[in-house]
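Next come two complexes, and both contain subunit A; in the first it sits with subunit B, in the second with subunit C.
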Partner chain A sequence: MGEEEEKGSSENGVESKEEEQDEQENNVLRFLDSLDSYLVLMDSLSPTLRQGWMELASARHSMGASRINSALFDLKHHNAATSLEVNHHDDTTMQQTCFTLCKWASPDTQNLCSKEATLEEGELLQRKASSPQIRHRGASRSSEEVQEKRPQPYGPPVTVDDQVQKERSKSLSVFGALVSPKLRGAQLSFETALETLVEIANIRSTILCARDQVQEEMKTTM
Partner chain B sequence: MYGFEALTFNIHGGYLEAIVRGHRSGLLTAADYNNLCQCETLDDIKMHLSATEYGPYLQNEPSPLHTTTIVEKCTLKLVEDYKHMLCQATEPLATFLEYITYGHMIDNVVLIVTGTLHERDVQELLEKCHPLGMFDSIATLAVAQNMRELYRLVLVDTPLAPYFSECITSEDLDDMNIEIMRNTLYKAYLEDFYKFCQKLGGATAEIMSDLLSFEADRRAVNITINSIGTELTRDDRKKLYSSFGLLYPYGHEELAVCEDIDQVRGVMEKYPPYQSIFAKLSYGESQMLDKAFYEEEVKRLCLAFEQQFHYGVFFAYMRLREQEIRNLMWISECVAQNQKSRVHDSVVFIF
Partner chain C sequence: MANRVQIPGRNSALIAMIADEDTITGFLLAGVGNVDLRRKTNYLIVDSKTTVKQIEDTFKEFTAREDIAIVLISQYVANMIRLLVDSYNKPVPAILEIPSKDHPYDPTHDSVLSRVKYLFSAESVASERR
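Up next is the complex of A and B:
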């Protein structure tokens, strides 16, 4: 009897050790995957911003310097078109900060707020497996629409919510009601860059969390 | 020969025509643009421009330069040339030269009104105005609350007064109303300029009607493309088109109902002069349309210099200088943003 109990407990001990090792490996994998996603996003941010600045210069060339300049920015009190929510998630194993971008979410259009889901391990792996293009987040989009490329302003019809389009036009109206397609293109580029920045912030939060877990495990095993 | 201009033009216009042809020979050549496109920094651009007619305007600018500084200083050269010609001109050339600046005046009025609507400082707005479009009471625009006041307080004493008859309402000024006001004023100005040139007759009427018709057609296309997907109705869009030009009236009817760039292309390709412009674009694309229009405009402006004894050379020179300044602005932006591969996207060679 005693031998059987000893055998059972040693088997349990081996199993728990194997589980611990799996857990450690998963944490290391999560850390490395997050790091890879972070580097991919950082690489994609610079070209997006450069494209936006170039399109803005192109719009200025097309419409004239008097129509696109900083002297036209609206100094009247108005609500922000886009806001960022910061949430802290605390559980028994980790503390992680989550950033949520709410685009085109003025008080009149609260239902348009696009929620940034906390990046979980599965999503990270899926992102790595797919092409390194940026996911486009928008209000009420289906999963197919999330994969759409940046829409051409006057190409084939695009399934973008009318209200979002109105909010976009409203924010450009400081430069006039009839603006060049190049200015709209610049707006989309900077919008994409902003989404990328929020993704980078979330991934960085995941990296830090995974790193802390790995370090914790290394301390306990030593 | 259209009339007997050769007998009498040089009495009053000969000196200034010689002056403007001299200015034309100072425009940048393809070799100048090639050198500028290879610059690494804005200081290099300043160095290359020091050997051109822009040299005296840029030489005292300290480093680091900004692209807006280069544009401002080059514009001063244009303003100086214009003022010299204006002060030497007799009628009707003086009125013709004043007409050339009314477009800038309209832009300045809209800038001040829009900036005031956005609670900007008037002084800041005045610094951004184009120097060719300045007039004495321009700062008073900031007190107007609607178009009626705009007219009554300020614009009634300016050359833009006759163009306001279609704009006067008591509606408050908002972004859409201001945009409609801008385009309505410009439409009235172009039509008035066209009629003035027709009254002058001769080679001036022939050459200027071609140039102004092209301008009216280009504006119609730009208004159409820029209003796609906006709240501007078809009727309002049609009201902004000028009442002359190759596209008037049937092309305007078709453009008014266009909902995308391909439909605009379909309309424009029916007109042979614009087939070559749209042939340079791929389907669904509008990015290179501006450059294609500028290239066509430059071609027509250069042709104006092939004849003598008409006022079209003055208009052509002013527009070619403005195109040159646009080129310099684009090259400066590409250099400043380290995107020299894009420099040929928008540069239009004049010679």
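Up next is the complex of A and C:
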């Protein structure tokens, strides 16, 4: 009986050692993967930024240097239309930070777009279909017509896309009412660059978390 | 490009920038510009007249602010304050070094990569074992 107990405990010991080794290997793999992703993303960022700078230079060439320069920047109080949401979550023994980009959703316009942005399309249609005015107009309307004619308590109906376009135009209007299409192109390029940068920030968080885990394991095995 | 709007929640934060004029202009077009009631901006335009002290002070200010989650800094500007950037080790705000028009990205100077490259060095592994 004693021999069987010894055999059982040694088997358990071997299993737990194997599990530990698997976990260590997973941590190293995670570290190397995140490092690779970081380098790939940084590589993809450069051409996006380069395109943005080229478009900005073209816009400056067509509109004039005096129309696109830092002297025109809005220095009156205003909130950023594009911001970040930061969440912390516990990953095994380490805390990891997660960044989420919130594009064109400034707190100034939060109340207007919050109801539209958080509803699924189906729910939105259901809501509109149940309102008395739309029911009286008949059931054969398309969803777009229904959406346009929905009565709004605060004025004409506004969709999420309209709000995004409005914020984009507001950003461009710093450089005048009529801007070169190249400037719009530059805006889109830098928006894409922002998305890549947020991904890079998340990968950075993973790298640092994985590095700490690998370092911890190296200390315990030495 | 997705036009879906994500509503900033209670833990929303800003992106700060320390870079040349064109890079700042581009990111301001993308909507990251913020000016508070005291007329403080979340960006610093670095040009030939900007001193190293100004850059250092701005970096320290941005990394101390609780409403900033990411600091974008052109790598050539980060090289001017390399000691300060490399000694920064908090998870938030995240410091991201970006290329500029005249200075392409150099991974050998990146502060994130320099913090992990010692793990690939045979000397460091050998010294740990001693």
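Things to note:
Criterion: the second predicted complex is superposed on the first by the 160 of 222 C-alpha atoms of A that agree within 3 Å, B and C clash if a C-alpha of one lies under 4 Å from a C-alpha of the other, contacts with A are read in each partner's own complex, and residues count from 1 in each chain.
Keep in mind that, in the parts below, contacts are C-beta pairs under 8 Å (C-beta built on N, C-alpha and C of every residue); 3 or more make two chains touch, one makes a residue touch a chain.
Keep in mind the model is a prediction, meaning the values are calculated, not measured.
Because the two structures share subunit A, they can be overlaid on it, and in that overlay subunit B and subunit C fit beside each other without clashing. Contact with both subunit B and subunit C is seen for A:Phe73 once the two complexes are overlaid on the shared chain. Once chain A of one complex is fitted onto chain A of the other, the partner contacts of A:Trp53 extend to both subunit B and subunit C. Once the two complexes are laid over each other on the shared chain, residue contacts for A:Leu178 go to subunit B alone; subunit C is not touched. Number of subunit A residues touched is higher for C, counting subunit B against subunit C. After overlaying the two complexes on the shared chain, residue contacts for A:Ser189 are found with subunit C alone; subunit B is out of touch. By the document's definition of touching, of the two partners only subunit C reaches A:Met42; subunit B does not. In the superposition on chain A, contact of A:Ser169 is made with subunit B only, not with subunit C.
Of all C-alpha pairs spanning subunit B and subunit C in the superposed arrangement, the closest lie 5 Å apart. Within subunit A, the residues touched by subunit B in the first complex and by subunit C in the second are 50, 53, 57, 69, 73-76, 174. Contact residues on subunit A toward subunit C in their complex (touch as defined above): 31, 35, 38-39, 42, 45-46, 49-50, 52-53, 56-57, 68-70, 73-87, 95, 97, 99-107, 110, 113-114, 116-118, 160-161, 163-164, 167-168, 171-172, 174, 183, 186-194, 197-198, 200-201, 204-205, 207-208, 211, 214-215, 218, 222. Looking at the complex, you find that subunit B touches subunit A at residues 68, 71, 107-108, 111, 114-115, 118-120, 124-125, 127-130, 175-176, 178-180, 182-183, 222-223, 225-232, 260-261, 284-287, 290, 326, 329-330, 333-334, 337, 339, 342, 345-346. In the complex of the two chains, the subunit A residues touching subunit B come out as 50, 53-54, 57-58, 60-62, 64-67, 69, 71-76, 152-156, 165, 169, 173-174, 176-182.
The touching residues of subunit C, counted against subunit A in their complex, run 1, 3-9, 11-15, 21-37, 39, 41-42, 45, 69-70, 72, 91-92, 94, 96, 98-99, 101, 104-105, 107, 110, 112-113, 115-116, 119, 128-129.
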